[in-house]
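All chains are identified by letter, namely A, B and C, in their written order; residue positions are counted from 1 within each chain.
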Amino acid sequence: MDTGTAYGLRLGAPLNDLAQVGPGTPYGEVLRSYWQPVAKVEDATTRPLRLRVLGEDLILFRTRKGKAGLLHPRCVHRGASLYYGGVEDDGIRCCYHGWVFDTEGQCLEQPCEPDLGLHRDRVRQPWYPVQEQYGLIWAYLGDPAKKPLLPRYDTLEDLAPDEHLIVNDAGVGGGGPALLDFNWLQHWENVMDPFHVPILHARFSGFQFTPEMALLPEVTYEYTDRGVRSIQLRDLGDGRTLRRVTEVMFPNIRVVPSPKLSSGQTNMLGWVVPVDDVNFKIFTLARDTDPEFLDKLRSTHEGRPWRELDEADHQRMPGDYEAQKSQGDISLHSEDHLTTTDQGVAMVRRMMAKQIKLVAQGGTPPGVAFDEADRLVHIEGGNYFEGDALTEELAAAVDD
Amino acid sequence: MDTGTAYGLRLGAPLNDLAQVGPGTPYGEVLRSYWQPVAKVEDATTRPLRLRVLGEDLILFRTRKGKAGLLHPRCVHRGASLYYGGVEDDGIRCCYHGWVFDTEGQCLEQPCEPDLGLHRDRVRQPWYPVQEQYGLIWAYLGDPAKKPLLPRYDTLEDLAPDEHLIVNDAGVGGGGPALLDFNWLQHWENVMDPFHVPILHARFSGFQFTPEMALLPEVTYEYTDRGVRSIQLRDLGDGRTLRRVTEVMFPNIRVVPSPKLSSGQTNMLGWVVPVDDVNFKIFTLARDTDPEFLDKLRSTHEGRPWRELDEADHQRMPGDYEAQKSQGDISLHSEDHLTTTDQGVAMVRRMMAKQIKLVAQGGTPPGVAFDEADRLVHIEGGNYFEGDALTEELAAAVDD
Amino acid sequence: MDTGTAYGLRLGAPLNDLAQVGPGTPYGEVLRSYWQPVAKVEDATTRPLRLRVLGEDLILFRTRKGKAGLLHPRCVHRGASLYYGGVEDDGIRCCYHGWVFDTEGQCLEQPCEPDLGLHRDRVRQPWYPVQEQYGLIWAYLGDPAKKPLLPRYDTLEDLAPDEHLIVNDAGVGGGGPALLDFNWLQHWENVMDPFHVPILHARFSGFQFTPEMALLPEVTYEYTDRGVRSIQLRDLGDGRTLRRVTEVMFPNIRVVPSPKLSSGQTNMLGWVVPVDDVNFKIFTLARDTDPEFLDKLRSTHEGRPWRELDEADHQRMPGDYEAQKSQGDISLHSEDHLTTTDQGVAMVRRMMAKQIKLVAQGGTPPGVAFDEADRLVHIEGGNYFEGDALTEELAAAVDD
C-alpha cells in the first residue's frame, strides 16, 4: 500500500502571533515599541502621499514651513481623505469643508463655522510623531507613554569626506520588486538562514555573489543583547578563513554585510518594514564612496536584473523573492520541519515569542532606549578575513 | 507626552441601517416603498439588458409588441440566465430549454414538455412591474400589496413648445463617472450640505460654477412634508440677495437647482438610485430649450471635464466625486463629528431613521400616493434673486 | 394586486454535497475513489508544472530518467514551492535549501545537513501515485488502502492501423474555453439532458450539429451498472429511426457520441475533471483516422468558432458554455423546477447521492475494479440508425 500520500493532508497554519502586524496583534505591538522608517525624506512634500505602515493607512505631507506630518487619512469632521487636502504653511486643509490640521492633528481652522470654529480644540485628527534622520522619515506608531529615543547606529556615523550616506527603499536584499508582496517574516528570518546561500544563490542561480559564497559554511549562532547573530566560517582554501557575521536586531533590522564580501564591519543596515500582513518594504542605509553602491549590489541572474526576467527565467533561476514568496502570502509555519541547519530561524522565532510576552506584560524590549547614553547602537556584523593568504603557487597546489 | 495620536484608534462603523439597500434591509425597504427609475426608455429593447438595482440582479427587455419587462435573471426552470434569452412577441424565451415568460413572469410555453407544458401555470418567473414616464423606465420593487401610483412632478409638466424634456443617466451632479462606486448616501446627504460648496467647489477647484457660489451662505434648514429643505441666502453685494432653495425628497430625490444660478423654480430633478451598497447611478430629468443643458452643466476643472483629468489633477482639484468616494466605499459614519454647519445632514439622517421605523411598522412614508389627487408633486427648490441690483458704479463702490 | 413578483424572493442554495470537490467533501470523496486524468503525457517534463485538481494544488514533473511525479507543492522543509525546483535524475530538488524528493516523496538528500541528512527518512513530501495510459497522466487522489486498478475502455482498444488515438484537454463538448470557469456538475448533468439540444443548439444557435439533431427526440432513461443512460429516438422521416445512446458513467465520465452522427459505438469518451469548485477541464480521448477529428467536432456559430465571437455574438448565439456558466459559478440547484424532461438530470443527482452514502460507509462505488478481469469497461453509447432509408422519391412523398 502507498504510504505518505497527500490524501487526508491537513494544510497547517501560520504562526500568526509572529507574522501579523496590525494594531493590537502580538508582534504588531512589539514593532510599535520602536521607531520605524516609513519613507524617504524627499517623499514628504506639499503633495500628500498615501502610506500604509503596519496595516495602518496614513497620509504623509510636509507643511510649507517644512515640517513633516503623518496623519490618519479620514478627516475627523466628515471623513473625506486628507489625500485630497491642500497643504498650507502650518498644516493641511481638508478639501470637503476646509478644516485645517497641523502636524500634531490639532485643528487650526473650521472655516464654515462661526469664528473659524469656537470648539475646534475639541477635535483632534489622529496623528503619529515623526523625526527625520539619515535621509529617512521615522515614525513612532506605539503607545505615547513609551516613546523611546530615535537610535543612531555607529556604522552610519562619522562619514569620511568622500563617503556618501545612501538611502534606498527599493527592496535591496529582497531579490524582487520594491514592494514585496508576502509576509515580512519570511524575509526577515531568512537573514538567520545562511545555508540557503550556497543552494539558492549558487547552485540554482549561478554564482550570484562571489565564488566564496557558494561554499558551505560552518555556522554558529548566538543570542545577543539585541537579537540573534550567526558567525559563518568559510575556509577560503588559500590559508585564509572568512568569518562572516550577520545579525537580526529587534524588532525588524537586518544586518547583512555585502555578499560581495567587502571587508570589515558592514557598511549597511536594512529595516524590513511591514506594509501590512502580506506586503513589506525594505529601507536600506549604507555608507560608501560610490553613491551607486546599493544599486550595484543587487543580485543578477545570468547578468540580468530581476525585473528583466520573464516567468520562465524566474522558474529556472529563482532567487530570494521566488523562494520566499512561494512559501505563501503568509507561510504555513506549522508545517515546517526545522533541522540542525534551521537553528538560526528557530532562535529568531523563539526570541520573537519572548518579546511578545515581554511587551504584553509592559516590559521594555531590547534596544529601546530612553537615555541619551544608550542611544548609539553598535553593529557587529561584517566580513572578516582571518589568516594570511597563501601565495598563488601555494593556493594552486592546495586546489589540486 | 504626545496626546491624540492614532495609537489604539478604533475605526468605527457605517450607519448600515441608513446606508444599506438590499432586500430586507431597513432603508432598503423604505426605498422599495416608492417607484424607482431603473433605465432610460430606449434601454429596453429586444436585446436583454443586465441591470442591478437595490442589490438585485434583473433583466430588462422589451417584447416585440413593445412592452417592457423586468425579470429575475435566473430561469425558474434550471437556472440559465435570461440575459441569453430570445425576445419574442409576448415574452422572452430561455436559451437552454426554451421556456417562454411574459413581462409578468407567466410561463407561456415549455416547448419540450407534452402540450407545451400541461402544468406551466404552476411556475412563475419572478418579475417586477414597470411603467414608462418622462423618458424613464420606473420599477416598483416593493410589497405588491402597497404599490403606489407613479408620481408626476410639476416642474416637469406643461413644457413650452420650444422646451425639451432631457433625460440623463450619466451621473449629473456626481462630479465623476456615470456609475459612482461608493455608497449612495454619501452623495444624497451632500445635497443638504451647502457649506462644502465655497470650499470644495471654489477654494479647491477654482470657481467651478459661478463666482456667487463661492460666497459663504447664511443657511436655514426645515423639515418638509416630503423631506428636508435648505434655504441659503447669499448677499450678492450689489443690493440683491440670492435665496437658493435645495431639497432632498424621500426616499432618494435630489432637488438641486442649477449651480450656474438660472433663476426661478428648478428645472431639474435627480434620483440617486443605489445599484447596490457600494455603487449608484443618478437619473436626472430636466426641461430646457437647449437639449444640451445637462451636459453643459457638468462641472469642469480648469476648463477640463473630469474624465480628462489624471490622478495628479484629481488630487490637486478634487470635486464631489473625490471627496465623497474618499469617505470610503461606505463611510464610517460613527466617526463623524457633526457641527452647526452639518445640521442639514443630521436632519436627513434623523428623518431617514424615522421613515425606517414607520415602514417597519407598516406605515406609509411621505410622498407615497394611492389617490390620483395626490399624485402631482410640487417642487419648491430654485434660485430666487431678491432685491434690485445696484448699478455697476454703485456695485464698484460697495466693493471698495 | 400583482402576484409572483420578486419581492421577498429567497435566493436558494447549491446542492453542495454533489457539487463540491475538495478533500473531505461528500462527492469529493466519491471522485477520489477513481483514477482521474490530470494532464497530457507531454505535460510532464523537467520543467515543473503547476496543476490544480479537485481543489488541491500540485506539482507535476518528469525525472530525467523519465518517471512522472505528482507532489504537493509546499516543500516539507520550510515551504518553498517545488514549482521552482530543479529536476534531476531521480527526483526534484527544492531551490531554497536543496532537499531532493523522488516521485514518491521520499527525501533522497538534504545537502546542507551532515551526511546529506541523517534523518532524511523521517520526512516525506506528500505525493500521489500516477500512471500513464492513452496519452494521459492519471492520478489517484484517494485513500491508499482502496487504490483500484486503472481501467481500460473497449472503445479505445484495438485501433486499426490507420486509426489515431486522439488526446485533447481543450474543453471539447464544453462549448467555450479550455478551462471552464463554473461548477463541473452543471456540465456533467447536462449529458443526461437531451432536450436542450433542439433548443440551445438548433433554435438559438442555428443548426450547430446536423439537421437531425434539431428534432425533438423521444427519450427513455435507465440506470446502468455504472451510471445513467439515455436512449433517444428520432424519426428521421425517411423510414429510418436514429437511436442515440448517451451515458454518464461514475464518477465524472461523459459518453456523448458525435453530435455529427457518425454511426455505431461512440469513438470518444470525456472526463469532466474539477479543478476546484468553480473551474473544470474536460479530457477527451477519441479514435479516428483523422487526427483532427476532435478539433473539427467543435461547434461553430454561423460558421465561426466560439473564441472568435464577441460579447454581442455570445448573447445572440449562446451555446453550452453560456447556458451553463449563466446558471452561476455554482448553480442554486434548490431553485430548479425539474419537469418530465429533466428526468435524466434527476436520476444523475439521485445516483450521486446514493454513491456519496455508499462511499461514506466504506463501500466500493460502481466501476471501481480491483480484479484484472473487471478492468476493461464496455461502452454502450453510440448513434444507431435503424430501419431502411426510403428511396429519395418515397422520402419526398412522405415530406409532403
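We adopt the following convention: a residue touches a chain if its C-beta (ideal position, glycine included) is under 8 Å from a C-beta of that chain, and two chains touch if they have at least 3 such contacts.
Owing to the predicted nature of the structure, the values given are computational and were not obtained by experimental measurement.
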Quick one: label the inter-chain contact graph as line, ring, star, complete or other. complete
Given that subunit A and subunit C are copies of one sequence and touch, is their interface built from the same residue numbers on both sides (over half shared) or different ones? different
Specify the angle of rotation obtained when superposing subunit B on subunit C by their C-alpha atoms, rounded to a multiple of 5 degrees. 120
Subunit A and subunit C: spacing of chain centres that average the CA atoms, whole Å: 48
Among the residues of subunit C, which are close enough to touch at least two other chains? none
Give every residue of subunit B touching subunit A within the complex, in rising order. 1-9, 195-196, 198-200, 203-204, 216, 312, 314-316, 318, 322-324, 326-328, 331-333, 335-342, 345
Which subunit B residues qualify as touching subunit C in the complex? 23, 32, 47-48, 56, 58, 72-74, 76-81, 83-84, 86, 95-98, 104-106, 110-114, 117, 119, 123-129, 141-145, 147
